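Please go over the structures that come below.
Below, subunit A partners subunit B and then partners subunit C, in two separate complexes.
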Partner chain A sequence: MKRSAAGPIIVGVLVTALGWELIGRLHAFGSAWAPLSTVIAYAFTPANGALLLSAALRTGSEALAGLLMGSLAGFALASCAVLVPRLAPGLGTFASIINGIPIIAVAGVCALTVPRGGTPIVVATLAAGFIVFVASAAGLASTLAVQRDLFAVLGASRAATFRRLLVPCALPAILDGVRTAAPSSVVGAIIGEWFSAETGLGPLLVAAMQNYAIAQLWAVALTGALLSIAAYTLLGGLRAAIGSRFG
Partner chain B sequence: MTDLRIDFPLERGRTVSALGPIDLDVAAGSFVAVVGPSGCGKSTLLRAIAGLAVPSAGSVRIAGAPPAALVASHQLGIAFQDHALLPWLTVRENIALPFHLAHRAVDTARIEELIALVGLAEFAGARPRQLSGGMRQRVAIARALALRPRILLLDEPFGALDAVTRRQLNIELQRIWWDQRITTVLVTHAIDEAVFLADRVIVMSARPGRIRHDVAIDLARPREREILSAPGFHALSDELARALDAA
Partner chain C sequence: MRTAAGRAAGLLDRSWPVLLLLAAWEVWIVAAHVPPIVAPAPALVVIEVATNPGLYAAAACATIGVALAGLLIGMTLGIALAIAIWATPFAAGALTFPALLAQSTPLVALLPVIARLLGYGEQTVIAAATAITFLPTFVLVGSGLRALPANAADVFDVLGSSRLARLVRLALPAAVPSMLIALRLSAANSILAALTAEYLIGTFGLGRLFADAQTQSLTPRAWAAALVATVLSVAAYAAARRLAVIGERFSL
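Moving on, here comes the complex of A and B:
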């Protein structure tokens, strides 16, 4: 990261941390707002730290699986819309309807229909899929007219045009979509866990709320946020590396 | 092409006549340049030869076959004003692209020959963003020649370049054409360019574009830089300028 970009980020993190601490200490928003120092103290207790780490690994692996499957599904759907233009309006409407269903309702239905343990992955898949679908569709449509003319004159088949022109052109947009979808897949996995899992950040969050364990509640929320930020940042690095060639 | 006409659709079922009627024969192995006022349909004419524009009436035949047949057999080469190089490929890979699109084994000797022909041996591994505008157009022309096409179509390939680079590339294109002897149709705004490169210059009228003059260029080949200051060159340029003014 460039120094010029890192500076404002560090300042932003420090200001947020200070504000969090002050609001908690002064009880500005009531007693349910735990100071950051209390949350950190909770998280760094060996037993609590191990619990959070294990939950984060579980939720992270579900979110990753959901992100991968959602990305593949979103890309496949967008590819179908490009390769068979007649299907495009229908596929777009289908994806919008799926995206329009509240994720919490989807999770409830999945808890009753998906084999045990699969709900967080399915919900994470749905949460990520629409974002990658939209990004892929935009990326696949981003080729220049002159590039399409060139491929047409050179006698490229539809498959060759797709593989050698459309997909490479779309790659930066697809990676932007995957990066944007990563936090959504974490949220999807957590919501899916609420309904069907016994481990992971979701059940920890529910247990903390039910037991009014304020420090645990904030620690789980912070862990989930860090998981999302880590995924977003890692994928941002991948996007930068690949985008410099394909962008 | 015989009685070629191209109309473009407007709103409410109306059409505008963009081109024609045009009757034109291009001898195999010759270099024909097309000049005319802006918007007269020069590029549309070239697009019809390339199979990118569908005639409203009349027909285009290349060695007796419709453009689609030549496209299917990968016998057309084309270069546009926009180089249309793929930014993720190197110079060598861009020139090899027609082989991949034709599902043919890449002829590495041919690729290296073309790289040398356009004077880019030192830049064979470079990507388009590392090249100047003139270098990119040289790559585009090399790519157009890769499969030894039956006909080479050039749509203002040097239109976006500065005057010095343009003149240098005219000299290089003349040398390349003399070496390859591929039937070539060039669309250009520049009279000097047309006279320097072509065996024959077609002057088109304003829209709808029709052939107003057909001027034979009887300057000796191969043509070198010195010809640009020869009295015969200037006489032909003046004749074409007058024809263009009257168009």
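Moving on, here comes the complex of A and C:
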């Protein structure tokens, strides 16, 4: 099963790379589209490679911190909604308001109020939190009536039902949420850096845009994308391992 | 009378976070002695909107227009491509990587490229909202078309139905809930993507209003533009959610 699934994915990678290269070479989308070979040549120049790597590590650690805090906050909010049903409609409103505040406004306010270097983590936390909240709420609501009845008949307390039934049942959905939130936390960290930081992928993007350094622009965007894909794939492995236990 | 009280309690259950956030904002301004140039009090922002209703209404309409256009185009493209690769697992596998790559690439990084291609105008803003809408629709509808009710595929086999009949009468109805989830995820995000694109490209709408206010240090105006955008995006989410509740009546 796994072997047959890998074939189409490899074809997809090759076609994407070829398409990227051809569009750039033929100037199909204008001169702002750098061919893949140019981007790779840029990234593999030792000085540029070291710059991209250190920026990626910086952005990656901010995104990871944001993903962790956002996941905890999202799960905690969804748990409150389950444990105190009266709060549920309001917490949904709260989450949609937090999600609805434009990032450009959040980043601007954070740059003035949060200690230096904190903005990317705050923005990444907000970006990840809403997704994990929605996924956790759906997961915690996914138990069967039969299961809940059994716990009720056995006289389980609300806390015990939550810990021994709801959370184990919700775990795959929560991990799906964390996995989906990973790319968002990377994008959030980059946008946060855009407004405040001096190092990381965000400032490199701004510099590339201002200097019209097309190869650098694409190399930084690709580095950010690869960072997201790495996180998404790693979390997919974790999800599969836990899914086989709880799924 | 009792129903009125009950309705008021229901409204409070739903909207207490609004009051809480406004109170927290006011307390922060007063307690931390935040100067108005850094952040205005809630009342200042409300007065700003109330004294220039035309300005904010025009900007909001412009942003809603491009966001809605992007939402429609993105969902149409996403559904069309999901149908195009329906029942061809190879295409679905081959598109995994490009889809993931597109989703992971920060949109802000590609805006300059899109702007070079489509020009520094509303087309680029619509493209940004389209891009943010397309992927969730494509991924969710793609899996929705395959999440058929148990044994339904067997019934269509036994009745010898054509592939088209199978798509129109089985797969598409089965994918309606996924389309509604995609709409719920994308409605608020299309407003926010349009706003970000307007801000970075500087066309018009709430994003442009925010950018101009920021460069002129008109803090209440910048906050008012952000507040109007927040209200729009929460309203879009609520509207999409309402539609999903109505849609669930038709689900299998």
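Simple rule for what comes next: the second predicted complex is superposed on the first by the 246 of 247 C-alpha atoms of A that agree within 3 Å, B and C clash if a C-alpha of one lies under 4 Å from a C-alpha of the other, contacts with A are read in each partner's own complex, and residues count from 1 in each chain.
Operating definition for what follows: a residue touches a chain if its C-beta (ideal position, glycine included) is under 8 Å from a C-beta of that chain, and two chains touch if they have at least 3 such contacts.
For clarity, every value in this text was computed on a predicted model and none was experimentally measured.
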item: Partner chain(s) touched by A:V186 [first = subunit B, second = subunit C, both, neither]; value: second
item: Touched partner set for A:F94, first subunit B, second subunit C, both or neither; value: second
item: In the superposition, subunit B vs subunit C on subunit A residues touched; value: C
item: Partner chain(s) touched by A:G224 [first = subunit B, second = subunit C, both, neither]; value: second
item: Which of subunit B and subunit C A:D149 touches, first, second, both or neither; value: first
item: Partner chain(s) touched by A:P102 [first = subunit B, second = subunit C, both, neither]; value: second
item: Partner chain(s) touched by A:A160 [first = subunit B, second = subunit C, both, neither]; value: first
item: Contacts of A:W194 with subunit B and subunit C, given as first, second, both or neither; value: second
item: Residues of subunit A at both interfaces, subunit B in one complex, subunit C in the other; value: none
item: Subunit C contact footprint on subunit A (complex, rising order); value: 5, 7-9, 11-13, 15-16, 29-33, 86, 89-94, 96-97, 99-105, 108-109, 112-113, 183, 186-187, 190-191, 194, 205, 209, 217, 220-222, 224-229, 232
item: Touching residues (chain side subunit A, partner subunit B) in the complex; value: 144, 146-147, 149-157, 160, 164-165, 168, 245-247
item: In the complex, subunit C residues that touch subunit A; value: 10, 13-18, 20-21, 38-39, 89-98, 100-101, 103-110, 112-113, 116-117, 188, 191-192, 195-196, 199, 207, 210, 214, 222-223, 226, 229-234, 237-238
item: Subunit A contact footprint on subunit B (complex, rising order); value: 47, 50-52, 71-74, 76-78, 80, 82, 84, 86-88, 97-98, 100-103, 127, 153
